[in-house]
Amino acid sequence: MDVDSKYFKNISSRERVIFEGAITMGALFHQFVGTPVTVESAATLEKSIKHAMELQPCIMEVEVKIDREMLEDSKSEFDYVSLSGEMMNIKVVSKYNDKRAVLRMEFIEELNYPLMYVEKVD
Amino acid sequence: MDVDSKYFKNISSRERVIFEGAITMGALFHQFVGTPVTVESAATLEKSIKHAMELQPCIMEVEVKIDREMLEDSKSEFDYVSLSGEMMNIKVVSKYNDKRAVLRMEFIEELNYPLMYVEKVD
Amino acid sequence: MDVDSKYFKNISSRERVIFEGAITMGALFHQFVGTPVTVESAATLEKSIKHAMELQPCIMEVEVKIDREMLEDSKSEFDYVSLSGEMMNIKVVSKYNDKRAVLRMEFIEELNYPLMYVEKVD
Amino acid sequence: MDVDSKYFKNISSRERVIFEGAITMGALFHQFVGTPVTVESAATLEKSIKHAMELQPCIMEVEVKIDREMLEDSKSEFDYVSLSGEMMNIKVVSKYNDKRAVLRMEFIEELNYPLMYVEKVD
């Protein structure tokens, strides 16, 4: 089956990279929030989130940075924390045909919200 | 802060509804896959998924149909199953300014994949 | 297959109810943390968590209370929050043969941790 | 605060290791089911699950084996699959005082169910 011509002919390549990048943003957040994490385990977790989410359709690159300072500050009696949206800075790059989108998620203090947005499409 | 003019001025209203709808699709899938479910509990779960995901930015309506036949067929010794992508049929409607997108997720046998796509934008 | 005599003959009924209750506690937390929630949607979410987790082996009753005050206080610009461990008060009752366990999860300020423990077994 | 004497004095060390091991089993399953995975990414995912879940109280060791053959067989058009319970073989070792429990999760064909059980306590 030609998936693209059957299911995606009603949107442009530019819209497609926005679409696929956004799916991956939402997926990443809701798959991994809640995972136990520390300063020591953060690098392994970042790498496995990257490898998992780069498998999704049209995704070229995923980068996740977990805020080490927040990990230290919110540590419990049991020395680890549950990963939450405000600890993560995420970059997702999607590509389709000649279009490429860079999407971001970062915690915006003023909104008290981990905002996802499109940084650029070219 | 005017979030829209600060973070979303580089994409059109049409792109925005695709973006927000797609985030919710990815989020819904990865939040709820794995949840224990039966024919009896399916309606409550569908309703709570709907209520949760309609909270996200620009989302007007979410409908989830969990396939009752698959629930019966894949039942284990313990009489329930873990919710999976192939059991769900999802519709997400997003709206921003004068634009409205309808997104779908359905399991496509031929692809062996729960495909997410944009049904229409108007 | 007689599951109990094959897989569980090495633990007592008292240990079995602790085992099954604890699985459900861990499962509940990690399945639902991250779900979007508001004061308005909290009751539906509590009910669907209850219905889902009561399906697990040996589980008689699950009660989840989501702290409405915390929902209000941690609201973002977009008027909802991601469910987190500190917002939940959970009771799980498990039963096997003549034994019955009551397990709890509650956020303990002093530990900065949502502690799971066995309240009683009888 | 002495957590143990305040919250855990009503259960034995043997019961405690069963309790903590079982929480981690339930948590692991419901945190990671749904994650995109391939033969190539499986080792990174196994390692990050291990590192995350070994952070939980009383957990000494976690081992996860994702079935490579099932990954190949259930591959979709998009060359990856969503991690599911039947693909995982899990070992959790918990320790408290002089007691040590080994818990297992494996998919039992005959039950059509990923069964969690206590392999031994000593």
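As written, the chain order gives the labels A, B, C and D, with residue 1 at the start of each chain.
Just so it is clear, a residue touches a chain if its C-beta (ideal position, glycine included) is under 8 Å from a C-beta of that chain, and two chains touch if they have at least 3 such contacts.
All of these numbers come straight from a predicted model, not from anything done at the bench.
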*Please name the chain that ends up farthest from chain A once chain centres are defined by their CA atoms averaged.*
C
_Chain pair with the higher count of C-beta pairs in contact (A-B, A-D)_ = A-B
*Please work out the Cα centroid separation of chain B and chain D, and write it as a whole number of Å.*
28
*Quick one: report the Å distance separating chain A from chain B, using the average Cα coordinate of each chain.*
18
_Where chain A and chain D are represented by their mean Cα positions, the distance between them in whole Å_ = 25
_Among all residues of chain B, which ones touch two or more of the remaining chains?_
1, 3, 29-31, 34, 77-78, 110-111
_Contact footprint of chain A on chain C as seen in their complex_ = 29-30, 33-34, 74-78, 82, 84-85, 110-113
_Considering only the defined contacts, which chain A positions touch chain B in the complex?_
1, 3, 7-8, 10-11, 14-15, 18-31, 108, 110-111, 115-118, 120-121
*In the complex formed with chain B, which residues of chain C make contact?*
1, 3, 31, 34-38, 41, 44-45, 47-49, 51-53, 55-57, 77-80
